[in-house]
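Every chain is named by a letter (A, B, C, D, E, F and G) in the order it is written, and numbering of its residues begins at 1.
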Amino acid sequence: MKEEDKEQVGLEKFLNSVVIVSAKDGRKFRGRLTQYDEYMNLVLKDVEEFSGEEQAVKHKLVLIKGGNVSAIST
Amino acid sequence: MKEEDKEQVGLEKFLNSVVIVSAKDGRKFRGRLTQYDEYMNLVLKDVEEFSGEEQAVKHKLVLIKGGNVSAIST
Amino acid sequence: MKEEDKEQVGLEKFLNSVVIVSAKDGRKFRGRLTQYDEYMNLVLKDVEEFSGEEQAVKHKLVLIKGGNVSAIST
Amino acid sequence: MKEEDKEQVGLEKFLNSVVIVSAKDGRKFRGRLTQYDEYMNLVLKDVEEFSGEEQAVKHKLVLIKGGNVSAIST
Amino acid sequence: MKEEDKEQVGLEKFLNSVVIVSAKDGRKFRGRLTQYDEYMNLVLKDVEEFSGEEQAVKHKLVLIKGGNVSAIST
Amino acid sequence: MKEEDKEQVGLEKFLNSVVIVSAKDGRKFRGRLTQYDEYMNLVLKDVEEFSGEEQAVKHKLVLIKGGNVSAIST
Amino acid sequence: MKEEDKEQVGLEKFLNSVVIVSAKDGRKFRGRLTQYDEYMNLVLKDVEEFSGEEQAVKHKLVLIKGGNVSAIST
């Protein structure tokens, strides 16, 4: 295994892209990732929030706590 | 990735604004963010608390423990 | 953001007041906050404990572990 | 706020008294608190354990892990 | 409060005795405690495992992770 | 026990293989493991996500938080 | 209590044996323990996975995260 494989998995490849964040509380958020930190706290802009079958709720800005993040996908 | 992207995600942009806090216990709180700290403990003023379909409960002051915060939105 | 905003959110403003503590286990406790510490362990005096629709249970003294505290309100 | 308010909340006032311990797993234990430590691990003697509507189960000695303690009351 | 009260609550008094371990996952284990450590990882010998109303399952040796331990009783 | 047995369990043997990741939130992800770190944060490429009986959802890239990983299998 | 009793509970006695691992997520894994580390991350070979009443699923290799381990038995 090469040493560079062991660097912390980063979010650089997701920055300024539209991502889907799956949260532990069952909600999903789709928006542009504008900021993050080492705890995986995330700031999304122009966000749609999905919860079960309900219609999406829109937010200008959402901060998702790292401890509430399950997965991030594109 | 530029270094400033890795600063801790902060709540400055939410301070003194009316925010909606989603808590892990399923409740939502809408109020003015008047104080916070590095653990994301939050103090809200003039708060409405929502829980399921029940009518909002009003509080003058609410301290929400950081460990109970899932997301903060505007 | 001014430096004093980043001090740890404290419970001074709640000390010796009657507060409502929402616990993670679903219970609520209303009583006078007589002591607390940095872990948000709380000691309440002359306490009423509410759980769902059941009638309040009274306690002379309750220590609530910080890890079980969700929110504190007035 | 005076400095002595910020000392860790202690269990001295409960030592050698009969207390009710509410555990995270939903059980309650009533017994005499004979030992505790900084993690809030508790040792109770001559204990009755309650769980829902079932009849109390008796134990000579119970060690309750601090992480399983929600609240302690008299 | 005397200083010796604040020593960590230990399992010496349970060593080599038959104990009942209540686990967070709802199971109970009855067996002889043959080893433990500071994380409250436990090793039981000649163990019966109970889960709800099902019949006991027998094990020669069970290691229970400290994080899964709720309470230990005699 | 030989000393090499106590090295941290690593994911080298899974790197660049197609793996199935079981997540705490009940979902399973099948994809090629392209990156990981000491927290077991994982990056999968060309991913199928399974959740209960629903049809698989496809993702180009998924980052799964280490705290959300239960098990990895081949 | 003798000092050697307080060494960390180890998995040496389980190494290269067929064990049953009970996971927090409700699944059980039966396989040969080929590697482990101080976080109780486990690697099992030739594994059968059981979940409720469903038929066993077979895996060549499974890594179970320590945080997902409840108990290990023989």
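As a working rule, a contact is a pair of C-beta atoms (placed from the backbone, for glycine too) under 8 Å apart; a residue touches a chain by one contact, two chains touch by 3 or more.
As the structure is a prediction and not an experimental result, all values here were calculated from the model.
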Exercise. Which neighbours do chain B and chain F have in common?
Worked result: A
Seminar exercise, completed: Given that chain A and chain F share one sequence, their CA atoms superpose after a rotation (degrees, nearest 5) of 50
Exercise. For chain A and chain E, what's the span in angstrom between their mean Cα positions?
Worked result: 40
Seminar exercise, completed: In whole angstrom, the CA-centroid distance of chain E from chain F equals 32
Seminar exercise, completed: In whole angstrom, the CA-centroid distance of chain E from chain G equals 18
Problem set entry | Numbers and ranges of chain C residues touching at least 2 other chains | 24, 67
For this session: Follow the ring of contacts from chain B in the direction of chain C and write out the chains one by one.
Result: B, C, D, E, G, F, A
Exercise. Which of the residues in chain G end up touching chain E in this complex?
Worked result: 1, 5-9, 11, 13-14, 22, 24, 26, 40, 67, 69-74
Seminar exercise, completed: Seen from chain E, its contact residues with chain G in the complex are 10, 12, 15, 23-25, 27, 29, 35-39, 41-43, 47, 49, 59-65, 67-68
